[in-house]
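Chain IDs A, B, C and D follow the sequence of writing; residue 1 opens each chain.
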C-alpha cells in the first residue's frame, strides 16, 4: 500500500493544516488534489492509502460534495476525524497598509466568516472570489489583489505579511475533516468513538423516519448528526447520513445497525472512529440497561432460557 | 421423572376434560388436586411431572391464583396450552322435570355463563354455590339440590341426566388452560407459538410502560395478552404478565426479551409453546424486516462491517 | 336526588369503614347492598345518589366485578377514591382462649392476608369460608364457628372480643374503594388528581398497544394503572382500564384523551377525581413542555401563526 | 404594498422561468437581485411584496443560503412553491458548429447535470464557471466563450442558437423555488398543502430527535423533508428545517406544531402553502383517527366529558 495521503489542495489551506495535526501525516507523502472527487478517486483507485477532505463546517454546514462522494460510488470508510478552528488572517505584500487595500480575495466559503469584519474595517474594498484561500494568497503575491483572507500559516509560503489575525464573525467556527480509506477493519474502540452510516428508507409513511431513529433510541444510542441528501430520484427523495455515538463493536451500536439494516432499503456503513470533540473522560455514562455488560448479561440470560437453565 | 400430571380437581370438571384433549394425557396418571396452589406445588416438589391448571377465562378474565403462583415462588414453565369452549348442561336426577326444580347449584364462576338463561328458564329457582361444578353434580346425586350446572360429561359420572345442554350466555366463552412444569428446554417451535414472560418495571415515569412495550414493537413482535398483577408492595405497584407471538428461538422474540431484561428490574421467563388458538397456516406474515432470515442477514452484515469486509 | 349512598354490604365490613372516612358520608343514609352489581344498579336506577364499592386490592389485584360493571352497562363515573389499610383482628366470643379455637371463618379474600399467621398460630384449625367478614363475625356470635377474621371494628357490633389485632401477611396491604355516581361534571381539580378511562383497541397489530400508551407518553402523562379485562368476545380480546395522573381539565390529559378517542374503537370516560395516595405537595413537577401554561402558550402561538401575527 | 416581486437574478435564468409560471407574476414588476440574501432583504425591508428564490435542488440538495436566510433574521413566510424540471440547452452564437467549440461556461451548479454529457460530446473542451447561467450566455454573446449551458429560453434573449436541448445527466432533476413574504395569514388550505417549520432542540439525549419527530408521527402527519442546518454554535449543534404534509389549519398539523412548540427550545413557523408536486386528487387518505372530522369529534367528546354530559 502506497505510503501517501491525498488531500484537498492546494497546499497552504486549512485542509493541509488539519491533516498535519495527525501524527501519521508526518510519515506519509501528502499529495494535494484539485477537488474532493479527485481526492477520493485517488484512494478508490489505490493510488494513495487514504484521502483527507473537509466534511462539515459549523457555519456553512455539510460539505455536500464530500457527503455525496461517500454516499455513492464504491464503498469508502472513515478512519479518523479532525476538528480545526477556523480564523482568518488578512495577508498583504510586505509594506502594504490597511488604508491602501482596494481589492481583497478568498475562497467564497470564507465570506461567512469575514463579512462583518470587512464591513467595519474594509467597507469600500472590492471583493473577488478565488479558487481557494491559498490561491488567493498566491494572487496577492503576484500583485493581482491587494489582500487575501487566508490561514495565517499561508503568509510564509507566499511571502506575505499578516496585517491582522484571528478574524472571525462566528465564535466557535470549526471545520471537520475526515481521513477516508478503502474498507478495512475499523480502528479499535477508544471509549469515545462515533459511527457513521447512510440509510435509505424503504417507503414513506407517517412515522417512517421516527421509527428509523427509534432503532437508535430504543437501544440508548445518541445521534450526533442527521444530514439529509437527495437520492437523485427527484425532489422529495432523500437518504440520511447519520453519525451516532459509539463504536460498531459496542453491542448497542451493533444491534441498532442490525435494526436499520432490517428495516431500511439500504444501509451503507461509513466507519467507526475516535471522536475529535471530546475525550473518553467526557463521554456520558450509558443509559441504564445499555452498557455492553448489560447486553452480554441479557444475551446470556436468553440463551439460558432457551436451554431451560435458569 | 414420575409419569403423572396433577390437575385442578375434582374429577369431572372442565379442567379434566381440557387435560384429556392432550394426547400425552392418555399415558399419564392424572391426579386431581384441591387447589391451584396445591396443583403447582406438586410439580415444584417433584411429586408430579407437570401440572394442569386454568389460567384465563374469556368471560371472567385471568385466573389470578394461577398467575400469582407463576409470578412468585420457584420458577415454573408453561409447555402447552389448551382452549376449551365452555357451555353448560343442566343436570338432574333421572326423572326430574324442569318444572320440579326448586334449587340449583354450580361453582360461582359458572354464574356469568348461565345467569340470563336462568332468568328466562328458571326464574324462581334458588341458587347456591358449590365448591366446583363436579361437586355440585355430586350434591344433586346426593339429593341436596334439584339440579346442577356442569359440563355435559359430568352426567355419566354422577348418574345424572342432562335436561338441557349447550347453555351459555356469552358466545365464544372459552377457558384457557396451561400445562406447567419445572424449567427445561422449551418445546421446539412449531411456527405458531407464543412466549410468556412477567416483567417488573425499574421505575415509574411517563412513557415507562410504553417503552417496555416498545421492546416488542420495534422488533415487530405482536402482543397477545398484557395482564397487570399487584406486586404486593401496596396499591400502585404492579408487574405485568405478557404473552407475545412467537417462540424464544425466533430472533425477534429473543432480541425483544434481551431488551426487556436490560431495561426491566426483573424478567421471569414462563416459556414458549404452541398456540392453541390458530395453526401455522393462520399465522400472520412477519412485518418487513422482522423475519428470522432478515435478522440473520443483518447480523452477518454487521459482522462483516466489523471486519471491514463489505 | 336522594341523600343516600349504597355500599357493598353487609354492615361492619372494611367497605363501610372506608366509606365512613368520607366526610359527606356522615350526612347521607348509608344502605348496604348484597353485591357489587346490586350496589351499582342502585345508582344507575336513581335509587341512591352514589355507590361505594371496592375496586382494587394490593394483594388480590383488581376487583373484577367492579371493573366489569363500570366497563359495561349504562355509563357511571368515579367521583372519589379511598385507600384503606387492611389488617385483621381475630374475633371470638368473650372468654374463648386461643387454644380453644377449632374452627375459624372469614371471606375467602381474607385468606391471602392471614394464611401465614394461621400456619404459625392456629396450625390445626379448620377454615371455612363465609359470605363476608361481617357475616363470619355474626356466625361466631351465633356459635357456628369459634373465631372469625374481620376488621377490629366488627367486634363491638357482634358482641365479640378481639384476641389479636393487626394481623396481616403482606405489609402495606390496602384496598382501594371508589364512590361512583351517574355522569355529571367531575369534581374540580385539586392539583393531585387521577383520571380513569376504559379503552378498546381498533385492531390488533405489533405496536398497537404501545401506540395507545404513546398518546399519554407523548404528552407527559404518567400512568398509574393498566388493567386488562376480557371483552367477552373470546380469549385474546381485551379492553384496558387505565388510571392516569392528572385531571381531564389538565390540557395534557384532555389532549391525550382526544388522541385515544381518535385512534381507539371506543373510549369510556370514568371520571377525574382526587388521588387518595398523595397530596398536592407530593405531585411530581410536570415534564418540560407539559404544563398547562406551556400548552396554553403553544396553542396561542399556533393561533397567531394561523393568523400570520408572530 | 408594492406590486413587485424580487427574484434571484439575473434575468434569463431558471429562477425567472419558474417565477413566471405563477399566474400572479404577470401582474407584478419582477426585479432581479444579485444574491439570495439581497432578494430576501428586499422583502424584509418592505421594498418588494415578495421574493422568489430557489430552496432545493433534487441533485445538489438544499440551497443552504436560502435555508439559512429563512432560519435567521426577521421572520419570513413561504406562500407558494414551484417545481421546475431542469434540463439544459447548449447555446452558441449562430453558425458555430459542435466541432468548433473549445470553451464552455455555466454556473457551477450546472455541472452535476451536464458532466456526463460533456464527457461524451465535448470531451476536450475547457470548462470555466460563470456567475450564473444567464451570465454565461451573455459571455458567449460577447465572444468570451464558444458555448454556454443554460435554459433554452436564454437563447432568444442573448441572440444565441441552441445546438442541443434537453441535456441532463439525472432524470427527474428538479429545482424547487419558493415565494417568500413577510408574515401574514397563510394561504387558505387547498387539500394538498405543506407546512414548513424550523426547530431547535432543547437538549441532546438519546431519543431526543426521535421524540421531536414523534410529535408528527403520533398525529399521523407525514414528513416530506428534514434538513439539518448548523446553528453557528460549533460542530454538533444543528437546527432542523422540516416540511410536513398538511396545512396549519388542519387539526393534526396544528396539534403537532403545538407539541413541537412545547418541547423544543424554539420553533419558527415558515408557512403553509399548496404543494407543487401533487394535486388534491393524489393526496393520501389520512390514517384512521387523524382526519379533521375525527379531531373535532374527539375534542367535542372531551368537552362533554368535562361537563359530565355523555
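As a working rule, contacts are C-beta pairs under 8 Å (C-beta built on N, C-alpha and C of every residue); 3 or more make two chains touch, one makes a residue touch a chain.
To keep track of the chains, here are their UniProt names: A, B, C, D = Prephenate dehydratase.
This is a predicted model, so every value here is computed, not measured.
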Mutual neighbours - chains that touch subunit B (Prephenate dehydratase) and subunit C (Prephenate dehydratase) alike: none
Type of subunit A (Prephenate dehydratase):subunit D (Prephenate dehydratase) copy interface by residue overlap (half), same or different: same
Superposing rotation of subunit C (Prephenate dehydratase) relative to subunit D (Prephenate dehydratase), computed on C-alpha atoms, to nearest 5°: 180
Centre distance in Å when subunit C (Prephenate dehydratase) and subunit D (Prephenate dehydratase) are each reduced to the mean of their C-alpha atoms: 57
Approximate Å spacing (C-alpha centroids) for the pair subunit A (Prephenate dehydratase), subunit D (Prephenate dehydratase): 26
Approximate Å spacing (C-alpha centroids) for the pair subunit B (Prephenate dehydratase), subunit D (Prephenate dehydratase): 59
Touching two or more other chains - residues of subunit C (Prephenate dehydratase): 211, 214, 218
Chain-level touch network, classified as line, ring, star, complete or other: ring
In the complex, subunit A (Prephenate dehydratase) residues that touch subunit B (Prephenate dehydratase): 75, 77, 183-186, 202, 211, 214-215, 218-219, 248-249, 254-255, 257-259, 261-263, 267, 269, 288-290, 294-295, 297-299, 301-302, 305-310
Subunit A (Prephenate dehydratase)-touching residues of subunit D (Prephenate dehydratase), taken from the complex the two chains share: 56-62, 64, 83, 170, 172-174, 176, 204-211, 213-214, 216-218, 220-230, 232-238, 240, 277, 287
